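Which chain is which? They are A, B, C and D, in the order written, and residues in each are numbered from 1.
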Amino acid sequence: MSELKVVIIGAGSSYTPELIEGLINRTAELPLRELWMVDIEDGREKMAIIANLARRMLKKAGLDVSVHETLDRRAALTGADYVCSQFRAGCLDARISDERIALKFGMIGQETNGLGGFANACRTIPIALEIAREMETLCPDAWLLNFTNPSGMVTEAILRHTTIKAVGLCNVPVIMQKGVTKLLGGSSDFIMQVAGLNHFIFARQILQNGMDKLDDVIDEIIAGNDPLVPRNIPPFTWPAHVLKGLRMIPCAYLRYYYMKDDILKQEIGEANGEGTRGEVVKALEHELFEIYKNPELAEKPQALEGRGGQYYSEAACELMSAIHNDKRIIMHVNTRNNGAINGLPDDCAVEVSSVITRSGPLPLNVAAFPEDTLRLLQLMKSFEQLTIEAAITGNRHTAWRALVLNPLITSGTLLEQALEAVIEENKELMSAFH
Amino acid sequence: MSELKVVIIGAGSSYTPELIEGLINRTAELPLRELWMVDIEDGREKMAIIANLARRMLKKAGLDVSVHETLDRRAALTGADYVCSQFRAGCLDARISDERIALKFGMIGQETNGLGGFANACRTIPIALEIAREMETLCPDAWLLNFTNPSGMVTEAILRHTTIKAVGLCNVPVIMQKGVTKLLGGSSDFIMQVAGLNHFIFARQILQNGMDKLDDVIDEIIAGNDPLVPRNIPPFTWPAHVLKGLRMIPCAYLRYYYMKDDILKQEIGEANGEGTRGEVVKALEHELFEIYKNPELAEKPQALEGRGGQYYSEAACELMSAIHNDKRIIMHVNTRNNGAINGLPDDCAVEVSSVITRSGPLPLNVAAFPEDTLRLLQLMKSFEQLTIEAAITGNRHTAWRALVLNPLITSGTLLEQALEAVIEENKELMSAFH
Amino acid sequence: MSELKVVIIGAGSSYTPELIEGLINRTAELPLRELWMVDIEDGREKMAIIANLARRMLKKAGLDVSVHETLDRRAALTGADYVCSQFRAGCLDARISDERIALKFGMIGQETNGLGGFANACRTIPIALEIAREMETLCPDAWLLNFTNPSGMVTEAILRHTTIKAVGLCNVPVIMQKGVTKLLGGSSDFIMQVAGLNHFIFARQILQNGMDKLDDVIDEIIAGNDPLVPRNIPPFTWPAHVLKGLRMIPCAYLRYYYMKDDILKQEIGEANGEGTRGEVVKALEHELFEIYKNPELAEKPQALEGRGGQYYSEAACELMSAIHNDKRIIMHVNTRNNGAINGLPDDCAVEVSSVITRSGPLPLNVAAFPEDTLRLLQLMKSFEQLTIEAAITGNRHTAWRALVLNPLITSGTLLEQALEAVIEENKELMSAFH
Amino acid sequence: MSELKVVIIGAGSSYTPELIEGLINRTAELPLRELWMVDIEDGREKMAIIANLARRMLKKAGLDVSVHETLDRRAALTGADYVCSQFRAGCLDARISDERIALKFGMIGQETNGLGGFANACRTIPIALEIAREMETLCPDAWLLNFTNPSGMVTEAILRHTTIKAVGLCNVPVIMQKGVTKLLGGSSDFIMQVAGLNHFIFARQILQNGMDKLDDVIDEIIAGNDPLVPRNIPPFTWPAHVLKGLRMIPCAYLRYYYMKDDILKQEIGEANGEGTRGEVVKALEHELFEIYKNPELAEKPQALEGRGGQYYSEAACELMSAIHNDKRIIMHVNTRNNGAINGLPDDCAVEVSSVITRSGPLPLNVAAFPEDTLRLLQLMKSFEQLTIEAAITGNRHTAWRALVLNPLITSGTLLEQALEAVIEENKELMSAFH
């Protein structure tokens, strides 16, 4: 088995140590030769801190892996085997601005949903496509593991517009999987099938010992025991009738759609108090980097688990290994629909449970959704597809067509003002709109 | 040609004189023998005023038609040829309560849209089904011309659950047709094809002299000349990019979806000022009935045109005549979809341009909608179908599934409270929920 | 109303006098100025005979119309208002060859079905496209009324590959309409709705006086009274259970699919006896032209009605008038599907009952077909679309993919041999295959 | 792990020793306690021979398994864990009669295709449903592994009409899998994905080392190296353009559809020579049972591999073990579609590559078929569904609707005669038709 060159785009992220840990834990499965860290000028300092921590971690693990840090993305991509994309266009300040603009116009402010998700997509997709196009030349056979948000739209943009083998990842289904494991008494001997769009998925069945335990798990959640929620989502209790009625388990992000008013109130409270999620995270990041700087530290610090994105990197390493070793295990990834979810376009990205092979994910077939849920999925996919188009073309009418579909976004004069505010605020990264 | 028995359910409506006028104007086409007016106890007095006015109008026209007024619906329906349904369940007070409850919870308050439309459907559908079931026995071959709101859902409920030949009517496409006539210089020599759901339609093409004048009409509307809006909708200007981008003309009610925030602000202003639309109409109605009482009056008074529902009755009479005389003219009606709009269920009601024959409406085929518009139509139809089911079963979870889909309704704890408030307020007419 | 220039492509056809008669009968509706007859060198003599007959007929009718005969198609098309296409690529000899080749390989031999239909399409489509492309330059606003066979495929090829407004015509639904009129006692006061593909249509409903008379008509046909069959199809009796079971009236050509074996035996009998249909027609044509030559003849001779194509020209004139005068009557034509028949592509041609307007045909919506019938329609449409593609590209594999779907064509080595025989026999007119 | 009761319905089959061998080879995985053999009176003697051979085989393997032979199916089913259904309704004589009747009427005669497949389904489905209904009472949680032909239709009938967990098996994909293994140099380290209907499947992709080897395998087959054909299908060479053009590998049975004429000629030759396949098999069976009788024989004899059904039982044992041990390997089975193949009904049976779990098969998603192939699949599924309905109801018109769709069956008077001949010949087992 030849040795691997792994590239991390956006390596200055505070999550990177988790990724390093994941690679160290899989030494036997993933024979790492070189690790290339890439970031932009603004992230140079953070990347240096991370790279040094990574070197200490690898050394402690007794591994002989060369760690490169560079601002020259093309150098890094050349001949890569796996590329992990985890950059954040505009950094945390852009996230905070998304949150604040949306709230200012009376709408939910969140990094992947509603107006904020739209803005994030418009900033991110052009860069993601640039990377994928470089890969077409420099490492055409490499796998792109994307966990840059909004992960579904970014993955779809790459799959539609380039020839790169991209798989989108999210920690939401990982957390659901771990939560269900807990509720089923610790055994991981079950198949949870999820389906939907990124941050808009539903657990459809939980198969164990020849039975579907979905109703049991729903009962547990209703009973107040809900370990399926990531840290970055404000804790909520699902109304019993919602879970009973849906007969599916909606992912935590679906609270933005099924509990709109509660979330909005909570966000307003936070914005007027401790700060928006982005602001809280920014402070937390600052603390984390102080810890990372410590030259004695040679392992992933406990404190990292306070971030919402836990398990992201875990999932990425597991996916890398599953592909590399043709493991044929079931993971939940963003991949080309190809009919897995009927009623959505074949060539869009969906987040579905898939058998992971050396040739990539083979989605499990998804039984028909109830019509009302399908209608929401279709609506959201139309929003996503128009958003991708707007991100690329900068066409304001396309942007309007996207936004007016989104249940978290109001319409009318206010929307026009909000859109202009978003474009103005993101002048540089939404240059297509100018 | 045998002479006709026509029944008006909800005859105490202030619109009835328009209907009488329409029948008088079509004496040659519609050989009326008996006119039966039906209302409930609460409407007895108004019905009496109307019946007397009708008698004066018919006499003045030199027509020998017997006018019956009764609270006994079964007597009226027996042997009927055409039944016009125009009752309002709970009268104007229910409409006002719908508006006020919605606004209280921060949502748009309107008689056929959003929370108010839901409440109205829940009150109305059980009564409409009762009437249709009586017709199955007493006049199984009669045509039911429904303009009771929400006209689309009421028509669908009847078509799905009874064997009665029902056609739903609305004045919105009539007003669009008249508006386009004006914009095209007064000539009515064109075919405007509309398609969608009741209060959610789009003009898809305007064919005249072998050309599609849609773009010309859109340009006129953008230029500030918009005669397509009924009186009961607050005047608005469509943003140019919306009309240009859609390349269809949305009906005036689509402002509730495309200009949500503006409408909400306007409604709040009205509610705090002159009163809600229902309150304004109630005052207007009072004045109208004072006029109707005048024993000298023997024609439809001019003042009636101040109501938003103008042309309703005109359309009803024209439809009655088109069926009766196999006219094969094109009208815009609510009828069984049967594939006319692809992507909606075959057995749902849609509002589409149809050739009117003695066997009822034959819808013109509708070209595929752009995907994003289709997604909204599908969403709204799911809302409608779940609302109909909730209206019949009183199942709260079904009600939630309906409401959570509607773009004019928020979700979460607030929605649960709003739903309970609606049920409480409509205790008697939403008895299925108790 | 400006005066019209009408062009007839393939004017040397024996049917042309019927077309002339139709135009004469509609003088008030269709103010004809010039009539241009076009044919190829091989048809020059026949065209001259026809043109002279036409001049005598017009003179007798007292009409001042200039009749031009030319081999220069471009001159004829310049500034045309209506173009009637009725040419037969390869003339009757090609038809006879189609019949004989198919029979030689044990398959049904017919001009629009099976192997013969395929060959005919391959000869005809390139020429039809050439004509339509000339029209794009010389008379871009003219209507092309196509009754060149196979009319559905030819119309689809033009609609997909050019911008010309083409409508395909067939006498089969005209004959059905006339047959039903007879069965309903002579009254034409009904709406027969047909839907399907050219030579593959079904009558779906027969509306009269508010009732569907379909079952009554079916009963009449079963009782042995079947006036719905054109002359060029061997007389057959539908098994009662077929009509009862389908609850639709299949057009006469569907006998090729539902009564394959009987037709094949009959064809073999004819081929060994009086000759194939093409051979019989060729003799009949010879007689007709002898009659046409008679300088005393100034009207359409009775003998023409012995041909199977009666009413073709009648339908063409009626369609021309319906468009020209925005008549909004219902006719049965080949036009763009646009969703009229669900389950077939939007951009294919279907044969459906349509309201004829100045802007062309507006198809009536078609209720869902029973699944088994839909499957046949879809199969045949795939055959047609692949045939069109093969006709244009000359790709043998595409040809195989088309042929292997067709229920009248066998598969295997025999098919390969038959395909090569067809290509060889039509060397000149199927040049794309060489 | 509790010990298992396995039931074999139709145990007198000559294939049973392969099943016994399969169970013996999996002793570690499948802890067999009791083996129940069931047959009807006509098969009593054969069953006795098989049971004794089984006892010798089990004894030689040192296994303590009780072998029961009975005509009392209910006794056998009580408390069963796995039920293998391999009965043949009407035995080989019925198969021979199917072949001969079809040939007599000029059609292909085969046990699962065309007229023979129809007859076989009509005989078999009522019995299969009877068994499944008994299971609903006597062993409701047992798995039914069906390899009774026509396996797809039988499985669909059970899945639609009973609550039994049924999986349909076929050796065709097993043989394809083994053939591809050979072509890929012996390595089984690939995933071949198949999809379609039973005896109507296509290999869609062959994934190995991150690449799709489909084109390589196609090239090998074209080069004359085709190990994918079972013994019971006459050897044929696929025309190169078919495989190249389809870009899928059709299963061997698709020769009946793509090479109709060649197969028919071959069958006629055989019927006039060595006998039909059924007649050949009958003779072979006779020999096999002579061998089985040998009291010295204690293993599956080599001679059994001359039958076409080799690997059936191998597949059955592997499936039993995969379910029992939650193996999550990919096998090719007949199961509920649920959207796996878009364009086919959700509730029909399809033959697709699936991950086998303790909860049964989870189909892999299938990418959209090319439209022309999809049309054939849809046609065949309609044929299957109407055949199932006819088998249950005995409705002749339903039978006609089924048969007229099938590309291997002609239509017309001949079909009516053939259908009556089939019904007459199968008087007892097609009692619903009388």
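What we mean here is this: a contact is a pair of C-beta atoms (placed from the backbone, for glycine too) under 8 Å apart; a residue touches a chain by one contact, two chains touch by 3 or more.
Being a predicted model, the structure only gives us computed values, none of them experimental.
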item: Chains touching both chain A and chain B, listed by label; value: none
item: Chain C and chain D: spacing of chain centres that average the CA atoms, whole Å; value: 46
item: Between chain C and chain B, distance of the C-alpha-averaged centres to the nearest whole Å; value: 45
item: Chain A-chain C separation of Cα centroids, rounded to whole Å; value: 58
item: Residue numbers of chain B (touch at least two other chains); value: none
item: Category of the chain touch graph - line, ring, star, complete, other; value: ring
item: Contact pairs between chains, per stated definition; value: A-B, A-D, B-C, C-D
item: Interfacial residue positions of chain B with respect to chain C in the complex; value: 189, 191, 193, 207-212, 326, 328, 330, 338-340, 342, 346, 352, 355, 357-360, 362-368
item: Residues of chain C touching chain D in the complex; value: 106, 239, 241-242, 244-245, 257-263, 371-372, 375-376, 378-379, 382, 386, 396-397, 400-401, 404-405, 407, 410-416
